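Encoded as structure tokens, here's the structure I'll be asking about.
In this document, chain identifiers A, B, C and D correspond to the written order of the chains, with residue numbering beginning at 1 in each.
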Amino acid sequence: MTQQRHVINASVSPKGSLETLSQREVQQLSEAGSGSIYTLFRQCALAILNTGAHIDNAKTILDAYQDFEVRIHQQDRGVRLELLNAPADAFVDGEMIASTREMLFSALRDIVYTENELDSTRIDLSTSQGITDYVFHLLRNARTLRAGVEPKMVVCWGGHSINSDEYKYTKKVGHELGLRKLDVCTGCGPGVMKGPMKGATIAHAKQRMTGGRYLGLTEPGIIAAEAPNPIVNELVILPDIEKRLEAFVRVGHGIIIFPGGAGTAEEFLYLLGILMHPDNAGLPFPVVLTGPKSAAPYLEQLHAFVGATLGEAAQRHYQIIIDNPAEVARQMTQGLKEVKLFRRERNDAFHFNWLLRIEESFQRPFDPTHANMASLQLSHALPPHELAANLRRAFSGIVAGNVKDKGIRLIEQHGPYEIHGDPEIMAPLDKLLNAFVEQHRMKLPGGAAYVPCYRVVR
Amino acid sequence: MTQQRHVINASVSPKGSLETLSQREVQQLSEAGSGSIYTLFRQCALAILNTGAHIDNAKTILDAYQDFEVRIHQQDRGVRLELLNAPADAFVDGEMIASTREMLFSALRDIVYTENELDSTRIDLSTSQGITDYVFHLLRNARTLRAGVEPKMVVCWGGHSINSDEYKYTKKVGHELGLRKLDVCTGCGPGVMKGPMKGATIAHAKQRMTGGRYLGLTEPGIIAAEAPNPIVNELVILPDIEKRLEAFVRVGHGIIIFPGGAGTAEEFLYLLGILMHPDNAGLPFPVVLTGPKSAAPYLEQLHAFVGATLGEAAQRHYQIIIDNPAEVARQMTQGLKEVKLFRRERNDAFHFNWLLRIEESFQRPFDPTHANMASLQLSHALPPHELAANLRRAFSGIVAGNVKDKGIRLIEQHGPYEIHGDPEIMAPLDKLLNAFVEQHRMKLPGGAAYVPCYRVVR
Amino acid sequence: MTQQRHVINASVSPKGSLETLSQREVQQLSEAGSGSIYTLFRQCALAILNTGAHIDNAKTILDAYQDFEVRIHQQDRGVRLELLNAPADAFVDGEMIASTREMLFSALRDIVYTENELDSTRIDLSTSQGITDYVFHLLRNARTLRAGVEPKMVVCWGGHSINSDEYKYTKKVGHELGLRKLDVCTGCGPGVMKGPMKGATIAHAKQRMTGGRYLGLTEPGIIAAEAPNPIVNELVILPDIEKRLEAFVRVGHGIIIFPGGAGTAEEFLYLLGILMHPDNAGLPFPVVLTGPKSAAPYLEQLHAFVGATLGEAAQRHYQIIIDNPAEVARQMTQGLKEVKLFRRERNDAFHFNWLLRIEESFQRPFDPTHANMASLQLSHALPPHELAANLRRAFSGIVAGNVKDKGIRLIEQHGPYEIHGDPEIMAPLDKLLNAFVEQHRMKLPGGAAYVPCYRVVR
Amino acid sequence: MTQQRHVINASVSPKGSLETLSQREVQQLSEAGSGSIYTLFRQCALAILNTGAHIDNAKTILDAYQDFEVRIHQQDRGVRLELLNAPADAFVDGEMIASTREMLFSALRDIVYTENELDSTRIDLSTSQGITDYVFHLLRNARTLRAGVEPKMVVCWGGHSINSDEYKYTKKVGHELGLRKLDVCTGCGPGVMKGPMKGATIAHAKQRMTGGRYLGLTEPGIIAAEAPNPIVNELVILPDIEKRLEAFVRVGHGIIIFPGGAGTAEEFLYLLGILMHPDNAGLPFPVVLTGPKSAAPYLEQLHAFVGATLGEAAQRHYQIIIDNPAEVARQMTQGLKEVKLFRRERNDAFHFNWLLRIEESFQRPFDPTHANMASLQLSHALPPHELAANLRRAFSGIVAGNVKDKGIRLIEQHGPYEIHGDPEIMAPLDKLLNAFVEQHRMKLPGGAAYVPCYRVVR
């Protein structure tokens, strides 16, 4: 394998006057080998340079480029990065693609800032409000929060590995969003994270819109597996998965959910859990589930699952639109108008959804041990938004068991997770998971046949 | 007097997407009356709104607008400021002048950030390096540090209250700087702080340069007395006088010194003290003393004083150019070329002079008590850069005794400061100070005849 | 059919300060029904509004929207167009797509200017130089000629109706051109005229290039059949086919030829005829024939035909690259460097290829009567560039006989054209034409089975 | 004298992609010595290069730089101008000031276009409408007509040689106009033509307005005497004085008249003659006469003259404001609102005052022979607007007799012009002219004591 890798050495500076670092910050980043900041930056840089490559396994990439190094220099014109043994794909005839260069410096910015910010006593991560403030500061520092801009940031969630029919559909939806001058935010990898941005790029060009935003939100654990696609023109690396989820729902003004696997289900349940919280009643938040005709069964299944577990009230938080990109965009446009009206009335910021209540339980990571999985309460006795929270945790555990290092090791040691609960919840859950398997939506690294990492105990 | 004041109530939002604040930050600023942040912001806001008025006494302004209030609101499009009983001069037919609006939000930014930054454990104000890092962070947050831009920021120092002949000369020098596409940085008040910016604005227009920078550096204690002139298009409020001085010499690439009083002498000695430090030997830093023909005696006196006290070596750090604006600009352009070359060779940033050694004694405030003034060592036994430091302190004390609240009160209680030292230093000092008085460069608030606040003990 | 047409009434103004018209010019355009200018503008406007529709027959469109009307008004903010019964496709939720709006006003500009220009005595269309000046004036008025920009305009020629494999390939080539920051110029319809622009748009976004140019050159006779695709961000309507061809070779710095039919062959022979002219010896003009693997036989056939008729010398004017988009872009980049060097040495404009000699015979329309077709001299006795000119005329006649009103009527009356010539030319010609038919590259309006409009007389 | 002239040789290209010329156009301009176009361009170029110099005599400049040459080259990046023995004042350290460079290429553009346009049969200079169309085409080609921009172009008329008090006042008025975001148009020389632009530049900077327009309208006969000041950022050279006057009133939305001499009086009467035309009744056109306190007698005299000759109706077309720059700007702002409303209601263009009726007599030059002057009908028997036209001619003759070659020669041959008319007109005319002489507003080239070139025959 190794001999096929093309590598390149290069030296890059930010275009324009992007970022400046203090000598101390440069030093922190330069203590190669030792510092955790350096390790983090190297890993993100490698993922970014690997953009466009179709490897959805972080470990594979890290292994393939073991001799990759990035050195940071302070110079007359600012910071310069020296890359050794970098993947050649990020270069065109020896010159780095501008978007890749931009993202490298975005990563630098976010990693340095995240580190500095944690030193500050003003950040109190022990409270819900403190966590939200932290997310706000990270996004503000990344210049993601644009005061004065009307609500038009549409988040697109869904699988990073979907079939060609579904991919084309996401491009069409993106095109219709773009024709209506909406912006697109995704998790910034391939698949659903790329298609809508590509469609919107073409549509923005047709609308002669030069400031179209393609915002990618990621985190260090996921960036390598889902390398940012180069259309992303704003990249923010949040410190972990929960901050990233919070960033999605506070920065996005509406959400479109395309077909995906357990990860998408996790995101969907996270969203429903929040929207169903009594404090959020009346707060407009347009959500559309959509896909091409071929994805209709999938969407109906998901819808049925929500109905069977969280009830009709949950179903009222979204609408399903099959095979009609223009209608998706029209509904989203309509929903955004209500968001705008609501925020204006309540004096809430357009650029950050302060009014949305997110319970601390949604802000804290779920540790998918066998014990935690087994003791998840999945019962209709709970208020629906708490049930949603627990279902989200169940899916989170399954994602971990499928693809994350720690989860995989736990499964190897102790066998599949056991998930217990009310039979009326267990049955639809089992059915949904089986459908995911049948539809090849439970992808494994390497592409082996899927062996479930869970057992639904009815 | 009061009945002449025109006041106005208004509500302003930042143009474009300038600044966003978190709810907590808004709250901090809103606790009117109680919080020191609010008091600070109100005071700066009042000074900014008073732009163009010719009052050089902070107290007068604060007294004149006792019922002035500023309220801060978070809303859909971002932050909004509500101003009550604001000076009407900042408005044109009821609409606030854009530069004033910009500066209000700059003040907001700097005050909030300064406060937050002090909470951070990464800032260690007990070390020289820590103080420099702090200044760097404040300037970076204000987006003053533009990586990649070649050295062209020329600092202009001199009196805020000069005669018409000298004022016209500063405009001409600014015009010649502007024709050579140089930027201008001043203390952002009237007089020398305004003239060069005005000249440069016209020249930049002639050169079709749209991004010309007119950088004003100020601090809360001085902003009211020297309200920012509205040509300033970048305003930074540093937390105190020493941070401001450090900002000048680290951000400026060259310095022009026009006629002024004790304050200007203080700045000049601060600069000489730094440039004469052995560690800074060989570091290029163009300095020009200049004025119209009528100011020649003043400049020669200053020059003679430097020669008599710090010696010929000190004189080699600057050149004197009389009545020749084009030559001033040419010499500065030449000096900037050397700065560029030097930084390129040493890999120092163009945007921040990291290599300049500033001793901690220059970074710490001097407390002008009678005891401190009397015990200043002013002797040729000291290394010249330490003598410069002490002379700077002497002038700093005189400025305090002339115009600052605390200094004035001390003088009232204990009589004039006594300044002791070697006779060969005392004689020229006395002579210079007398000349300042004769030339009416020792201005007092209110304009009363000058009674010296010091006594040079030969 | 009629009931399926969605029509819309709308009123549009140019965005920004695009065009201003005098009262006389508005009047000329307003004399609806009578004036030929109005008719011309209405026809172009209809074609532009029909963008995206997949009808390649001008007549069909004109028939489908017989009640379409466009009225022009002079108002406070400039010109306004009132559209009645316009095709609804050009609108998104009732608002016209920006690119469509732009193109409408480009059409207005070109039609008004072309008319005015013809009134000028400085234009002497009786000489070759006069025709070239005319083309220059039309392009200059359309602001197509950008002084100071280095050579990077790549013309893409090929069929407007190609298969999906070939279409995808044109997108990939466009993407590689775009990654190298090259611009794209096409005939501005669908197929090869759209794919490269789409690919380049995505690549320019990746390279953060905001000023990418997608130049479409068309003429009134062809615009309806090949409606401008909405990615085109500069549209120029030249008065006839020969002016359009001259515009292509004088404004383009290199040409890529993708698979196409008789029309593409005509363009290719036009180009070869010019490049082979002795006066153009040594003038660099990069030409690449390319296509996906599946198109290899087609390209080889074309190449063989050139070899058999015009000889090896002709073949040296282009290179063939199969299935390698990056290599196409690399070769083009290399070729453009030579163009730049050459123009710099000869002091020729980057923006207009003055040095290229185009004989008057190439600038004059060929009238494809049976007599003219029959008397075409297709013989090796001619100098190769004259033989190329005559072969181009033969293809031009075939295109007319296939799709143009007048040509079709002539064929109906008199039967197929007869083409005579040397057997060594007739044989490869016959073979090439047969291959075109077999490969379905000889499309007819309506899609009927192809009956040749010509007979090659060996 | 000659040895004091500093001259320089230089080569300049337009910045950005300003203008492109055809080979034929370059050739026309290159036939040095012979062609009248070359002579015209050389003369304008010399005047532009002489910007800032204080010579108000065209002949002096032309004589001083007899060996000045300008050569025009066509090159890779477009047109290049080679200047030999050019005045050194237009250069800063050897580099041409950007505004000067811009104006050189504006002159090139206008001279080439004017020439070409005259070749066009669509221009019919024998009709009033044809002349207006011609003016429109010239302004459109210079990109002066910006569709979509609301009325805000304020024309400032007045003397090019005024005293320091009056000059400062024009700067203040310009500053107040600029604070209200209005643009300024003048005859583009020194004095009143410069002051308002300078003031507006500073005010636009304060308002952070980057697109402020400083439009200078001139003509070849006047450009040398009133060299464009370098703040002008749009220069248009109209072919003669009447086209220039028409351009002023069709492009300007309001007019401010500052103190001046016979030329200013001529412009004022031209304006009154038009506004008093019955067809223009009801058409809003704000006109303000203003000056500092010291100019009050002048303004009152002018006002009295208008009252005595054209009557109270004429006086209603303007207002007089003494020493109140802010009020001038406020009145102008108010007047512009009415202009906007009116044009919107009548569907007239904001960018060109089509509705303003200008009689052909105002569009045709007046030839100031002794016979023509003597036979001017200056009688109350005429309709007031015709009387205004004749009074304008009288002043036009006096200007010619004062400063123009031909006029001066006629006076030398035949003695002063005789002006006849009704005694009630002759008396105030005589008084006004005497006042001009006393106030030194009748400047002569060279500055000799004024000997009247006219005799008012009562």
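Here, a residue touches a chain if its C-beta (ideal position, glycine included) is under 8 Å from a C-beta of that chain, and two chains touch if they have at least 3 such contacts.
This is a predicted model, so every value here is computed, not measured.
Engineer: Taking each chain's centre as its mean C-alpha position, how far apart are chain A and chain D in Å?
Structural biologist: That pair's centroid distance is 63 Å.
Engineer: Taking the mean of the C-alpha atoms as each chain's centre, how many Å separate chain A from chain C?
Structural biologist: The mean C-alpha positions of chain A and chain C differ by 44 Å.
Engineer: Quick one: chain A and chain B, Cα centre-to-centre, how many Å?
Structural biologist: The separation of the two C-alpha centroids amounts to 47 Å.
Engineer: Residues of chain B that touch two or more other chains: which are they?
Structural biologist: Correct list: empty.
Engineer: So with touch defined the way it is at the top, what topology do the chains form here? Options are line, ring, star, complete, other.
Structural biologist: If you draw each chain as a dot and join those that touch, you get a single closed ring.
Engineer: Could you run through all the chain pairs that touch each other?
Structural biologist: Listed in label order, the chain pairs in contact are A-B, A-C, B-D, C-D.
Engineer: Given the complex with chain B, which residues does chain A contribute to the contact?
Structural biologist: 13-14, 16-20, 22-24, 73-79, 116, 119-122, 129, 133, 136-137, 140, 145-149, 340, 343-344, 347-352, 354
Engineer: Report the residues of chain B in contact with chain D in the complex, numbered from low to high.
Structural biologist: Those residues of chain B that touch chain D are 15, 92-93, 97-99, 102, 179-180, 198, 201-202, 205-210, 230-231, 233, 330, 333.
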